[in-house]
Amino acid sequence: MISVAAQMVIQGIVLAGIFLTALYALLQKDLLASALMLAAMSLLMSLEFYLLQAPDVAIAEAAVGAGVSTLVLVLGIRKTGRWEE
Amino acid sequence: MMVYLTAFALIMLGIAGMLFRRNLLKIIMALSVADSGAYLLLIAIGYRSGGTAPILTGYEGGPMVDPLPQALVLTAIVIGVCVLIMAVSLVVNVYRHYGTLDVSELRRLRG
Amino acid sequence: MNTIRSILAVSALLVILFTFILISFNPGYGLFSFGHPEEKSWRIALYKYYIENGANLSGGANIVTDIVFDLRGYDTLGEATVLFTAIAGALALLRRGGAK
Amino acid sequence: MSHLPICGIVVYLTAAFLTPLLYKAHRRVAEGVFLASTLSNPVLQTLLILELSSNSWKPIVYTLGAAGPYEWTYPIRIVLEVDALSAFMALIVTSISAAVALFSIGYMEEDGLQKYYTLFLLLDAGMLGMVLTGDLFNLYVFLEITSISSYALVAFRKHQWEAVEAGMKYMIMGSLASTIILVSIALLYGEYGTLTMAQLGWQYRHHPTGMARVALAGLLAGFLMKGGIVPVHMWLADAHPAAPSTISALLSGLVIKVGIYSAARIAYSVFWMGTDVRLLGWLVVVVGAASIIVGNLLAGFQRDIKRLLAYSSIGQVGYVVTGLGIALIPGVNPEASRAALDGALFHLLNHAVLKAMLFLSVGAIVHSLGTRDIGYMGGIAKRMPLTSAVVLLGAMGIIGAPPLNGFVSKWMLYEATAIFNPIIGAIAVLGTAFSTVAYGRLFYALLGRESRLVADRSPRDPGLWMSVPMIFLAAASVLFGILPRIPVVGLVRPARAALLSPGSYTSWLKVAGGILSSPNLPPAGQPISVFGSWVPAVFLLVFAISIAFFLLIRNLSASGVRTVGEGVKAFLSGEDERDFEALQLPGTSVVWGFAEAVKSLVNALKREHSGDLTVYLFWLIFLYAVLILLWGGA
């Protein structure tokens, strides 16, 4: 079992990562890059869910958030345009 | 505390993104960021410090985290993806008609 | 959006964010403190019931699964219906042709 | 335990899953299943109402998957809770959608029909689930079923840019509202640890906290948006006209009502008894009054007939919300608050009937003419007498002309608002004046001289499939107007009593062994007569005489067409007309002065409806912040 302090630090890093990836995804002009950033955010989210003792949700988030969502978004981007004017 | 803050920050970031970005796909991404914030909030509400995952296999006593929000989030994640699928298929249609995804071009209906 | 509206929007967002921070930090405001093992006195500890009896009721070792598929199975049915709706809707929107 | 509460939802869902499969085999079979499910559902809901009333309107609690909600001292499974209000709403939802379903068999002759039937049934299932459920998260799930199917149905005619744009805006706004609702549900769960609405109401009554109030602000903002209330109504005027007419009838008749129902259920049954809600009640009254003004006023300045009806929906729902808000405020004359609630609920029923009828009959006209511009509909009354009669009957009902049902409910609301506050009363009457202007133009347009387009197309009344539901709805409207006691005593008063006594909603809970007593019950209330001096026979006589006068004037007046001029301009829409020559209308411009008088206000309002999605989103967030500030922070 990891100590409480170590867990706090890990959580802090993961949470900061979630926020920064989300911010980067929304500020990015390249839609494909922001879709991939969202996938990264979803993976970090699922790590955070795992840390918060929710393994089922972590699996679902990794599969659905990082997998299906990204797939749908990338398909949408392919049908439209990659760059935000 | 940090988890709550991050959850609220994600919700606000998502809403701000919906308000200030002009590309429709970006607005949809912002929506899914706000949704993720809501999921994180639910999971954080269910967390009990020192609690273990609500699985009885190999359980040796001690506190457990609240399983109900986890069940709710499992449902909500799927619903979020459904919204995303609908939104993207609408966006494809918008692009077909307008040739752009800029919301400021998308205002033929007014008044 | 024009400037005034942007300022209003930002201030509305700040109001909401401030309220959220208030409710997650100020104990007097009706706080649910993060990860606190003790419940607030008025909060129903429904989850304790699930932990104690969930496995007996539906026979699975994973309580989340018990809740999803048995105790709140109706929500899962609703979720499946939402998925079905979304797919039917997407198919309707992406179908080829269409009248006229 | 009777399984009646779940039956309706199961029937809709089964049919929704079956239709696409059967459609592949044979189209008529799928249509048969579609019709059987929609037509049988009103019967089921009537049985449910009978069961409720035989048990003196005690709420029926149905637990899914087990015999009782209790295995502990708290309900641990999802419950459906049916009280008089839920059953009332369920009957409205199923009956109106049965009529619309019958109509759509003849109306929808387009590609992708099996998806249309499926989405239609899913929309019905979602709405029925929303009104019957007693669990907050389950409400959210059903809300999403309703919303997603309605997004798809609004954009169903994807080859038209209009449908796609409206669907996109509706979808983004609706999804943001859903997210706000989800966050609020999470906050409520975090505060009270339960999701059963009755339990939440009990908890809030005994331990009101600030966080629950913040959650209420979010829930209200979200559901008011789904109900199309000013200032978050902008999507409605785009989305309702763009959908196929049958869907417009469902959206305007039912979907917004279900949003209002959810807001009312949460405000009354969960939160009302906890604290003083004076400020909240006033806020609801103010947004309701604003809706009355904005909706009815802008309806008078539309060329597009379906857009006119959509704006009018905003106005009429404003009446409902105003009535609901008045009853929320404590210390109002109890007679007035009961009358307000009676009027609001009865108007909800009447508006559902009238708007469904209007959208269906207007849909038949639009279908045969191929245009939605009022200016080209001149003289269609001669070609399509039945349809036009239904349109005009519906218009009179919405205006509140005496022998029809709209009059009765509006009369109650006038009484209640006037006793409550003269200014709100004046606004209620003013809204009727505005809607008279809007629908008066319809009268002139339909009964006027024949336009070139009508002469070219020579439209006909629709066939039997489409006529029967229109006649059925029209008959209901006349019946409720002449014999208002039947629906009011049978349905509306029990529903009002259920809303006004949240104790009865939570009375089935047992807390710590005993059945819990419901504290602070307001008096259940003797039925009061709120009809004033309403004698239908006299009004029928007056009505007959005025029709005779109208015919007399019409035959005696000079014939002739004034095509160009100021009169035609204001008469149509208040906007500059593009092609005068194509318009052929009798130049009796009744609303010219009015249009000039309110022009600046209308232009300011129209500028605000700029079509910019981010502005619409801004208003939603703004409403949320205002609700939090006024109510959550208190």
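Observations on the model:
Think of it as A, B, C and D in the order they're written, each chain with its own count starting at 1.
FYI, a contact is a pair of C-beta atoms (placed from the backbone, for glycine too) under 8 Å apart; a residue touches a chain by one contact, two chains touch by 3 or more.
Bear in mind the structure is a predicted one, so any value in this text is a computation, not a measurement.
Compared on C-beta pairs in contact, C-D and B-D come out with C-D as the pair having more. Taking the mean of the C-alpha atoms as each chain's centre, chain A and chain D sit 40 Å apart.
Averaging Cα coordinates per chain places chain B and chain D 29 Å apart. Separating the CA-averaged centres of chain B and chain C is a span of 10 Å. Listed for chain B are residues 3, 9, 11, 14-15, 19-20, 22, 28, 44-47, 51, 54-55, 68, 70, 72, 74-75, 78-79, 81-83, 85-86, 90-93, each touching two or more other chains. Shared interface positions of chain A, defined as residues touching 2 or more other chains, are 54, 56-57.
For chain C, the set of residues touching two or more other chains reads 1, 9, 13, 16, 20, 32, 46-47, 50, 62, 64, 72, 75, 78-79, 82, 85-86, 89-90, 93. Contacting chain pairs in the structure are A-B, A-C, B-C, B-D, C-D. Taken in their complex, chain A has these residues touching chain C: 54, 56-57. Residue ranges of chain C in contact with chain D, taken from their complex: 1, 5, 8-9, 11-13, 15-16, 19-20, 23, 29-32, 39-40, 42-47, 49-50, 53, 57, 70-75, 78-79, 81-82, 84-86, 88-93, 95, 97-100. Within the complex formed with chain C, the residues of chain D that make contact are 13, 16-17, 20, 64-65, 71-72, 74, 76-78, 110-112, 115-116, 118-119, 122, 125, 129, 137-138, 141-142, 144-145, 148-149, 151-152, 155-159, 187, 190-194, 199, 203, 206-207, 209-212, 214, 612, 614-615, 618, 621-622, 624-626, 628-629, 632-633. Across the complex, chain B meets chain A through its residues 2-3, 6, 9-10, 13-14, 17, 21-23, 25-26, 28-30, 32-33, 36, 39-40, 43-44, 46-47, 51-55, 65, 70, 73-74, 77-78, 81, 84-85, 88, 91-92, 95, 100-102.
Touching chain B in their complex are the following residues of chain C: 1, 6, 9-10, 13, 16-17, 20-21, 24-25, 32, 34-37, 46-47, 50-51, 54-55, 61-64, 66-68, 72, 75-76, 78-79, 82-83, 85-87, 89-90, 93-94.
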